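As structure tokens, here come the structures.
The same chain A turns up in both complexes below, where it pairs with chain B and then with chain C.
And now, the complex of A and B:
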């Protein structure tokens, strides 16, 4: 395990940042719905892959620009998120049961994907897929750069919205103590529907990003769960910037681990980090 | 459910388990195609996994998503020992269980100490642990990447056909697991786990050694999963890290237990049988994909419409009759004598607190308090809101340790005792806002206290002792209902009954009268007097002055974390500094 040369190390840090940005984008919706709605939404991953496949479908079959597919995907997914929260509120589902229900949903979405697009690997071939440019010794692939930019923009936009708008303040208040917030005139139910819609829309955006840079297969829904959960816990529940920072941290440490040792060691980093964080500061997450 | 007495029901269920086991054991000799044996083997395997998972996670509420790690540890232990070291297969099984226990106990010892790791956080830690173990196995010579083959390992010859060996090993382990779950369910250990499930802090304060119980339950759970892994490794004859340490095992066992009913010893076995059959029916045919979707839909439907599982739904359907018959029951007068004994208050101290300090983020709740409690007295602890009364009770009962000072009880310093030791030593308490175990019936709530407090009774004796205190507090008509059905008055009395059932030397009553009507207060005052007449020392935190004056031998007044007055109630309450503390300086 000799240290790789500088260019290789720098390249792997860069690719870690890109992967981390996607972790952060996936974690953003998960963290918001977990922290503020107490729903642990495993189906977030299924939705993201559904978004990815829709993006694939719209751009390869209907010839849309992959980025333009968001115009279709985002509103549809917003509606799905609203419906999901409506069901959760209707049946008063506890945080833990939400995990089980959304797992059931994940399995259903997986089989829908499998029956429509089969279990074969699908790769979105678009104008973006092979675009890359060179900065010094580093190659910068355009799809990944788009992911990073989307992730940064959305994380900061949501952070600002939660912090500086009345709607955001109301949302934070009802996440803190829903009955009290309601007593002060906050429409808690409406906000929860809105937030859940936003989270699902974020899953859709993350899906487009996945379609841009990764090969798709239905079973891959599950491969992201572990590491993104680690990102969410590290970043702190219900925070907008936390998942981005934690995502990049984990992404970089994974890719450096891969460069220094073997790729198969990568999971050890994120999960050990997660365990240590939980043991050291369980109250903070 | 309540038609049979407890021992009769126990014996009937035990007989049913053994009979079912004996009946199943005849199957290989009935000439059915071997397919049924391997299908039933899978049912047994999942029964072991789901039931063993339930012993920790269902009973105590610590949902583990790491069952795959222990199952996998067992698989790899057997695979490596049998294929590389030529250890005879059956000998590898104890090793498989042992490795799983060591892993589980180590993880438990680290995780269970951290108070915040409950619910979904525990689920995550254990899931992450699975991936860590999996990564290590994959990257070290244990596996190294290609997987481990067991094709050269001899399958022990049991029963008529090749697959019968697996059938019998699976059956034996499943039977053992269900018996373990059944035994624990009916034991003191099981009661303690259920108490942890409902309110771990109260359980600890009531005398349940929560840390030890959690680690013990985790170890039992892991050992069974490990042994199952050992058998399954040979059944598959090829193990890979990717398939073993995945999210499939934990999710499946959670699903099975939730479907069957995780508060029931038989629940996971029912769930395992149903889901194994469903999985087979749906995924074996041509409609594998649609089958998967149905599987997901079943899961969602169960959680939405049957949150207590199949067994919970079944028993609930049978219960409304019993419940309707009871209706609203007025509590009868209490069963104790009204006459006041002349038990003398002694001057011998039972508890001496010296220089006790406790601060919460800079707020000095107690700022160097000296209090002496004398054996046999009723001591009133008074003071305005926020003066530190409840903090004092929380310190004595061990809810949290003091920052400084000592609290000597029976010559031991409580400051360095764990809460359950304090309870065992003879101190019981009530909570201002009642905190009954919501999942246990009123009778079980009281029996729990008798089992784990200083009374330290067996489960059977505790149930009888509970009856005494239910009579004493007049709660007998409500004994077989759940705490949700009680009104505030009854909940407060349940708190009292629980505290008394521990047979404490010292009982700390935290505002038992607040929120009660004047008639109810009179009843409670009589009750508290009767408690003292039983020989128990009482510390009584209260705002209802009428009761304080009627009951207490002595009072101590706290303000801003300091003792400001001490003496006979009527006398102390007239002192200017006490009046000032209550009403502000303008009135002094």
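And now, the complex of A and C:
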């Protein structure tokens, strides 16, 4: 195994950071709904891809700037998230059942995507696609950089909101011990609706990032599930910064593995890391 | 008056009888069953096969069907899952009681269907099986004319094409998905390149479903080969090209095993990309009248269906050929008996839009009719062998 040169290694690490940022962004909403709402929301991936296709549609057909599509997608997805939470609460769906229900939703969303946009591959050709710049020996693609910036901004914003605002404290208290929080006047139902809306909106933002950087196909929904679940578990449930850190850790590990050894070893990295953390620090996951 | 009415009625009945004896409207249609990956990761290509099948069956019924009976195609969705294809083929035979079978899309599902067909001694004509050595059943008939040993013959064809250029490659990088029907071809290319004296400067494998091609692209750029062989299927080729573009690297000669035809032809970074083909919608292929007619209808329907690449290429041609082979066997033998049909196919050549196919080689594979195509001006054109090159097309060099 020969050591790669600096440029190759640095470019691979950068690529890993970008991929990890997207893992983190996808994992953020999933982690919050799992940790704070006790819902294992598989439909999060389907919503992200629905967001990606809407971004594609609004940009390609309606001529909107891909980033401006967030002005439409985020409120719509917030409403979808609120509606989902209302249904979950109305029918008292347990954590385990939420896995089954949201898997069903994922299949439905996949079918909707396929019937509207067909199973063919779709690629968003925007002004951002070809934008990149050089920093020394490194090439920095702008769409991936935007994903990193969005991921960092949203993760820190949500972390700060949960930590420093009354609303955030109420949410954490509600997740910790709902009856006691309710006894202190916390409107648990309202907060759950708000949080579910935020999680769905985050899926919409992740979808825009996916559309900016990746070719779309309905079945691609499932290719992200395994690694993002590993990111969420590694980052800790209900934590805002955890998925970002875990995502970048896994993304960089995968990229470095691909740069140094056989790329076919890369998928083992995320799950090996997860197993190691589960063995070494079981209480932290 | 009564006598006139009686005679008139008898005439009408006789006339009706004359007109209906030939068409035999009471005869049930011949039912041909298959599955396709109408959903799931293989759906984008399987939709091409669905469209082709619909066009063929409509045309066949307009021509009077098979043995004077109309043809009904029962197609079920195997969701890109070989294990489901197995169940559905079992269902087609035992519950739907179809008269004939046609293969599903892609190697894994075909292998599953082949097992079921063998269990019930059914004929299986299939269009997209990529690993001939795995086709052990003697009543299976492939219509993608790869030849019995494509891992040897096809890389030779590609390297022959490159050897004909003013600056033939001296170094090669082989990067490949571990998707079975792609992987074995890449390993074959590795062996053939070594035998032909090309220096292998990079060999990489990735798992099918890989998302991040950044590091792989960086390693290709670092190796900077004269010729890049990409064992990619579907989207993977585009994903790698995207990643290469992001680091400002354009491969000199680059080949993709089974690319998604539309996205690759339309991507600017895929300029001069090479791939294999059995048919492209240009002369000399379209000199065949049925190929020309099919191409015209396919273009209209594909555009209407919103397919991103509406020209006929390998997938549609292989699919159309499967129907042609089935029709030829039934018409020649005037039989729906699977044994009779299989026996006829083993001993006869069938004229198809790919050329004449035979099924008397190992695993019922005949001649290797694979050619080399290239992305030129946003569409695929055949460039090698020269006898099959599109009018005016030559292999573009870097």
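One rule holds in what follows: the second predicted complex is superposed on the first by the 284 of 285 C-alpha atoms of A that agree within 3 Å, B and C clash if a C-alpha of one lies under 4 Å from a C-alpha of the other, contacts with A are read in each partner's own complex, and residues count from 1 in each chain.
Going forward, contacts are C-beta pairs under 8 Å (C-beta built on N, C-alpha and C of every residue); 3 or more make two chains touch, one makes a residue touch a chain.
All values reported here derive from a predicted model rather than from experimental measurement.
Asks: Could you check whether chain B and chain C clash or fit when both are placed on chain A?
Replies: They clash.
Asks: Identify the partner contact of A:18: answer first if only chain B is touched, second if only chain C is, both if each is, neither if none is.
Replies: In the superposed model, A:18 contacts chain C only, not chain B.
Asks: Quick one: classify A:215 as touching chain B (first), chain C (second), both or neither.
Replies: The second partner, chain C, only.
Asks: Let me test your reading of the model: by the given contact rule, A:97 touches which partner, first (chain B), second (chain C), both or neither?
Replies: A:97 contacts chain B only, not chain C.
Asks: Looking at the overlay, does A:165 come into contact with chain B only (first), chain C only (second), both, or neither?
Replies: In the superposed model, A:165 contacts neither chain B nor chain C.
Asks: Classify the contacts of A:187 with the two partner chains as first (chain B alone), second (chain C alone), both, or neither.
Replies: A:187 sits against neither chain B nor chain C.
Asks: Once chain A of both complexes is superposed, is A:262 in touch with chain B (first), chain C (second), both, or neither?
Replies: both
Asks: If we overlay the two complexes on their shared chain A, which of chain B and chain C does A:7 touch? Say first, second, both or neither.
Replies: second
Asks: Go through the superposed model and pick first if A:153 touches only chain B, second if only chain C, both, or neither.
Replies: So A:153 meets neither chain B nor chain C here.
Asks: Would you tell me the residues on chain A in contact with chain B in one complex that are also in contact with chain C in the other?
Replies: Overlap of chain B and chain C footprints on chain A: residues 110-111, 114, 262, 264, 267.
Asks: Residues of chain B touching chain A in their complex?
Replies: Touch residues, chain B against chain A: 63, 110-111, 114-117, 119-121, 123-125, 127-129, 131-132, 134-136, 138-139, 145, 246-247, 251, 254-255, 258, 289-290, 292-293, 295-300, 303-304, 307.
Asks: Which residues of chain C touch chain A in their complex?
Replies: For this pair, the touching residues of chain C are 38-41, 43-44, 46-47, 80, 178, 204-207, 209-212, 214-216, 218-219, 221-222, 234-235, 238-239, 242-243, 245-248, 260, 262-263, 267, 305-308.
Asks: Okay, in this complex, where on chain A does chain B touch?
Replies: Those in contact with chain B are residues 40, 87, 91, 93, 95-97, 99-101, 103-108, 110-112, 114-115, 222, 225-226, 229-230, 233, 262, 264-265, 267-268, 271-272, 274-275, 278-279, 282-283, 285.
Asks: In their complex, what parts of chain A are in touch with chain C?
Replies: Within the complex, chain A contacts chain C at residues 4-5, 7-8, 11-12, 14-16, 18-19, 110-111, 114, 118-123, 130, 132, 139, 141, 144, 213-215, 217-220, 223-224, 227, 251, 254-259, 262-264, 266-267.
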